[in-house]
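Note that chain A is present in both complexes that follow, paired respectively with chain B and with chain C.
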Partner chain A sequence: MKAARFDYLRLDDLAGATAALAEGRARPMSGGQSLGPMLNLRLARPECVVDISRLPDLRRVEARPGGILYGAALTHAEFEDGAVPDPTPGFLARVARGIAYRAVRNRGTIGGSLAHADPAADWPTALAALGARVHLVGPAGTRELAVEAFILGAFETALAPGEIITGVVVPRRSAQARFGYRKSCRKVGEFAEAMCAVLVDRQSKVHRLAIGATEARQLVIAEAGAAIDSPEIIDDILRAAGLAADPAAFRLRREVVRQAIAALATEGQPA
Partner chain B sequence: MKPIRLSVNGRDIEAEVEPRQHLADFVREELLLTGTHLGCEHGVCGACTVLIDGAPARACIAFPVALDGAVITTVEGLADDPVTARLREAFMGEHGLQCGFCTPGMLIMARDIVLRLPGADDAVIRHELAGNLCRCTGYIGILRAIRAVAAERGAAGEAPVVTRGGAVAPPLHVSPLTLPVTPTRLSTSGDERPGRGEDVPAASAAFVPEKLCNPVELVQEFEVPALRAKVWALFQDPGRVIGCLPGARLTAPSDGHSVNAEMAVKLGPIQAAFGGTGVIAADPANWTGTIEGGGVDRRSATRVQARLVYGLDELPGATATRVRVEVAYVLQGPLAQMSRGALARELAERLTAAFATNLAGLLRGDAVPAQPAPLDAGSLLFSLVKDWLRRLFRRA
Partner chain C sequence: MGALGHDGERAGDVKAHKGVGASVRRKEDARLLAGRGRFIGDMRFPGQLEAAFLRSSLAHARIKAIHIPAHLHGRAFVHADMAGVKDILAKTGLPSFRVSAQPSLASGKVRFVGEPVVMVLAETRALAEDLCEEIEVEYEELPANVDMLRSAKEGAALIHEDWPENVFLVSATEKNFDDSVKNAPIQVTREVRTSRQCMAPLEGKGCIALFDRTVEQLTLWTSTQMPHIVRSGLAECLGLDTRKIRVVAPDVGGGFGWKGLLQPEEVCCAWASLKLDRPVKWLEDRREHLVAAANCREHHYVMTAYADEDGRLLGLEAQAHVDAGAYSVYPFSACLEGAQVVSNLPGPYNLPAYRCRTYSVCSNKPPIVPYRGVARTGVCTAMELMIDAVARAAELEPYEVRQRNLVRPDQMPFTSITGKDFDMGDYPESLRRAFAMVDHENVRARQKAGESDGRRIGLGYAVYCEQGAHGTSVYHGWGIPMVPGIESCGARLTPDGTLEVRIGSQSHGQSMETTLAQVACEVLGIDPELVNVVHGDTAMTPYSTGTWGSRSAVMAGGAVASACERLAGRIARIGAHLLQAPLEAVSVRDAQVVGPQGSVSFKEVAATWYLAPQNLPADIDPDGLDLVAGYRPTVDTGTFSYAAHACVVAVAPETGEVEILDYVIVEDGGVLLNPMVVDGQIYGGTAQGIGTALYEEMAYDEHGQPLASTLADYLLPGAGEMPDVRIAHMETPSPNTRFGQKGIGEGGAIAPPAAIGNAINDALAGLGVEMTVSPMTPRRVREAVEAARQKSSAQRLAS
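Presenting the complex of A and B:
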């Protein structure tokens, strides 16, 4: 199908973009790999698309104390190819490589993935497990939120009218840090039906676990040491979250969580 | 219309484009480069894959208006590219195509794979090629063709080439076609054809329920502190029952048997407004009833068919009633495709839960707004908090 009519604006600075987005039914677009299909299917019918993909602030990479700030308009392929520095031992490239398809990764952006907040997308779950923080700017100024506080539900975020993601800070992890990441898809690149990311950094005593593809917001366990040692705790967490109603889906989620935890032992280190 | 400048297959193009026109339509319709094929038009099938600044991308979800200054290469632009020439031979030799519909996208993706990953094995090729669908070959021939060329490049010691972000200049081939060609536009003003507007009233013909094929089924049970007869009376009043669904209202007075209604739903960027008709049937002897209906979201052309069965049980003491609501529905069309079964299910669960909350509130005598706000996460959260506060104060 063809998209319905929309107007198009590309502004040179953040202030202009946020002002344009605060008015009426405007939506920001960066890589357009999630909004594009929705426009074509006429599920999203904004009056105006505000192109933020070329804002210099959204294309920067900055070392910060304790981590790296990535501009929101950096593409998945840039992470996959190691074109940007990584504050973890190779975790970001591993996540990026599994996102959709290369033709999508070449244009889709990390900020766009977070703003779209599809529960089955890779970045929301992986970045929640990595303890990343989202930087926002809007008419009311700037603020930052933890990924798990930013995403409120399926396709629902804390973004206020006119507000956009400028970047995401990924904390630095030690060389001994390990990351287990597993998802189950019907076909490579399809939306995941179950997903789990686990981070263990014994040096800084960090144990974080995030469960995605929940049809709602991610489940994030910030102190996951006990759950990693005895995964049956996760079963209770899945049940409490109402994710055990369908026995087959429950078995799949349990298995993906267990595999992600098991992967800590085998592939936490860069290849 | 917005002015843009592009380089397409080595030729500089200046054009005025409508923002909503996607790149595949632009190269096909405006430049008559019809080698780029369109399959799904929402980024799933890979048939429209082209090179944007040297890197493969879906032309159906890229908009030329946003590509000002970009270098585009379509399959025609790879006519003289030596890597593509070798791939064409290999595709022919290994039965890498039959009908040829997917082939332009396959060739562009195959070229990217052998450049980026010389010596790639089957597992890597399968992973990298997963975004391009073929209905004829079963992929085996395509896989063999790419493996052969990747192996040649690996054996020849070719270094991996980064194709991303213009890091490598795309092949320059000036298309033999005279460019640009702009066909006459059918219409430049608003889309005023009949039936296209959003204000067209829902069809009011009598609704005939159809059997639901493979419906999603939900069950919700809740108790309301009211006599069964009172609850029953409410279920016989279509306006009040429909009003308990967030965002729903009757569009015409009901005769007690058929209903015309509309319902607005919001899920993130998705906004749908279903208009439709239904029939109500009651079985007073068993305290059960059925509401069946169907509707269409005119903006996305998504169809929904649904059935709601309710049953009322008297609780001991006869002062409270247990309401059991069974919902079954089938979604067809873009919304079902996009939001996938599970997300639509989550939405339906939220709708059913909100229906239960509103119904219970109505029976307790709380005023339900004449036209409740469309359901979205924010308003739902608000209603849950409100309900919780109300119960808290009642207890105190």
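Presenting the complex of A and C:
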């Protein structure tokens, strides 16, 4: 299928882009790896597509107190390749290189992934576990939200009309921090059927666990020390979250969470 | 090699290094790998219109009204506009076969989601799709027949209302089957199901129709495997003389069967180009392909195998259903698949008694088209899962049970219980070699030791034989719209002494531009680089039924050899004159005519014939250096290549993930025209077989709506899913073909679901799991593990 007719706008400055988006009949496009197919399938039919992928504000990388701010239009490939600094011991590159296929990673962006909020995508779950915060700009000004507050549900975010993601701040973690990340995909590059990210930084007493690939928002446990120490607790957590109704799916989720926790010991350190 | 001796020897090296049996690099890759192929999508004619089809959104419904805005008059066409165009009819000669008429645009009813209803033409495809949105079709929805078992039952809503039931054909056979087999000590019954698939060639279908006034011919450029058959079918539908139509296949990006038919869209574009006197193009997109062309592989079996305590088969009883979809497709019909189930189910085994009944069921899904392997992928899966079930019942190694039942070399040539004439081969030896290559004993030892990561290791085998290049004596009995006969080849020495060979079959990945040039090299000693293989154009090639059924290496290969031999005779006469030698004293080799004293090259012979005829005697044979010759194997019931596949998997019971750790194939394709090309065919087929085994499935909801419309939902194996397949060859020449070659095009796609399925079942046997539905997805594995656990805990409670 071919996309329905739309106008295409690429502006050089953030203010111009947000003004163009404020009218409400336009959609922002960054890497286009989700919006592109949706346009072609005529599932998305904006009157105008505003290309924000080259806005300088969305391409920056800046040190912030306690972490690094990444512009929303940085690509998965730039994280994978180490083209940007990493405030963690290699976790971001590890997540990035498992996203879809290289062709997708060359164009797809970290901000686009968060804005699309596919529950099975990598960044929403991984960044939630890493305690990242999303920076937004819109007609009402700027604001920032924790990833788990930004994502409200499957394909549903806190983005207000005309608002876009400018960047995401990933907190710095100690060299002893460990990150267990596991997803189960039908094939390499496919969206996950189950996924879990676990962050342990004993130095700063951080124990975070995020479960993705549900039919809703990520399940984020900010104080996950008990579950990490006794993974059998996960069964109750999944049951309480309504993720145990389908025995075959429950079996998979439970195993993936256990493997992610187990991975803390084996792959938590930088290679 | 250039350093050796005189010219003759050096030329002789060409045959040794580039003739039959040499792994010559693919000539066609010079353009294909450089992105310089020309596919339908690359083509554009001045004044061209592009078609979009408004397709049925319902699986089964009556069309009450089609509302087309007035401004689309002359741009949007429905069935009634195509008055005079005949429905596509693929009849068979089988007595009880029910004929379906397939209209090119839906007429009165729609019978599957994706059936074309309205054709809309515009300057671009995007505009045509815009216009489609302005058209509204009013439907009266009818109950959809989604499951073949229910569709075949009495009371199901009739898809073709003049039929008494939704069944195209019932095929049955019974040989030596009496109640005595029912006393067999081992009896295992299983229900096996294979899911519906799409063929998913890299390039979708596509065509451009235009009327070429210079030759007064409707020319259809189309992505097809069989230009001559499309030409005949199109002539029939449009009511034109065949001479008024030319069909050209440009570069074609894979077919696998999906391009072996007359497509309703081809008829529509051809009709519209005549009606509007403008070129009309249609290019299938991936969504159309997934929705409207999920057309293969869907089988269901209930089988009982009878065996003695040693695992020797005493008999097999089967009832099979094939979901043949809504229409009988031209030319293969809706019955080929079901009838092949009946005749191929016993596979390479010496089966003493057999009874099988197969229903080719009509359903509200896209019409079935034979896909690489045709019915054999399904029957091999069913039969090979049964062999392992027998082995478990007999507490024997599945390998051993196979060895005890395979047809032995001392029985060759062998007529199977269904009358198949196996030409030659050593089936048990292929299995022995696979056993050794996969290191059977080591795998068993590793299994016993267990895995540290909690996964379970499994080993699976599958053996099949593949009938290829079956000819007149097999096909005439079907009575379908085409019967392959003698295969023809045109051969022409050009004025500079290079060679053109022209064949009516079509190369779309089979490497025929290389392998057939090698055949010419083998016969004439001419360098393949100096040979052009022309194919895919009815105006330039002799008639052929095309490329299907693993036939081209045998049939086109034989035809090229025949034509080159005949041409050699003509060349020899001119050469003999130039050498002033008697005809019987000269021979043609190394691209020259060699006489008792000296030789003349093809170049000199051609230059004399074409450019200096004054140097030839007045009574020279006037037939010249351009001819057509034909070929048919001495026995035309088909070659039987065969292979043993062995596979090692690791299965994670908790996640259901399956990893293929090793995959081994021992194949016998007779004499290989080009071993590298054969390996390529096997790799490609195996990838598709892995798709059938683990990934590909078009599911439907209860209303007949397809549940995948993008490749995010319809999973194809990619590079990451392909194991490092290890191939070994045996070369038992076929006694019936020109060089001893056998058809091997489909085999790779036949055995993987069986080998992988058996390996998964072997891995999970300790948990009480035996799976019989493909693809064996992680979800199906988890569900089977869960079911087995619940069963075993229920048993514990009961005891």
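Rule of thumb we're sticking to: the second predicted complex is superposed on the first by the 270 of 271 C-alpha atoms of A that agree within 3 Å, B and C clash if a C-alpha of one lies under 4 Å from a C-alpha of the other, contacts with A are read in each partner's own complex, and residues count from 1 in each chain.
Simple rule for what comes next: contacts are C-beta pairs under 8 Å (C-beta built on N, C-alpha and C of every residue); 3 or more make two chains touch, one makes a residue touch a chain.
Every value quoted in this text rests on a predicted model; they were computed, and no experiment measured them.
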Comparing chain B and chain C in the superposed model, the one touching more of chain A is B
Review point. Between chain B (first) and chain C (second), which, if any, makes contact with A:Pro161: first, second, both or neither?
Key: neither
Ask   = Is A:Glu255 in contact with chain B, with chain C, with both, or with neither (first, second, both, neither)?
value = second
Q: Quick one: classify A:Gly82 as touching chain B (first), chain C (second), both or neither.
A: neither
Per the contact definition in the header, classify A:Leu43: touching chain B only (first), chain C only (second), both, or neither. first
**Q.** First, second, both or neither for A:Arg27, with chain B first and chain C second
**A.** first
* Touch check for A:Pro56: first (chain B), second (chain C), both, or neither? -> neither
Answer with first, second, both or neither: which of chain B and chain C does A:Arg5 touch in the superposed model?
-> both
Which partner does A:Phe191 contact after superposing on A: first (chain B), second (chain C), both, neither?
both
After superposition on chain A, the chain A residues reached by both chain B and chain C are 1-5, 37, 41-42, 187-189, 191, 193
Listed in rising order, the residues of chain A that touch chain C in the complex are 1-5, 37, 41-42, 184, 186-191, 193-194, 247-248, 251-252, 254-256
The chain C residues in contact with chain A across the complex are 124-126, 129-130, 285, 287, 652, 654-657, 695, 709-710, 712, 715, 717-721, 777-779, 782-783, 785-786
Within the complex, chain B is touched by chain A residues 1-8, 10, 27, 29, 32-33, 35-45, 49, 51, 53, 75, 77-78, 81, 83, 100-104, 106-107, 116-117, 119-120, 152-156, 187-189, 191, 193, 215-216
In the complex, chain B touches chain A at residues 2, 18-22, 25, 41-44, 46, 49, 52, 55-58, 60-63, 65-66, 68, 109, 112, 126-128, 130-132, 162, 164-165, 190-191, 267-272, 299-301, 334-335, 337-340, 342-343, 345-347, 376-378
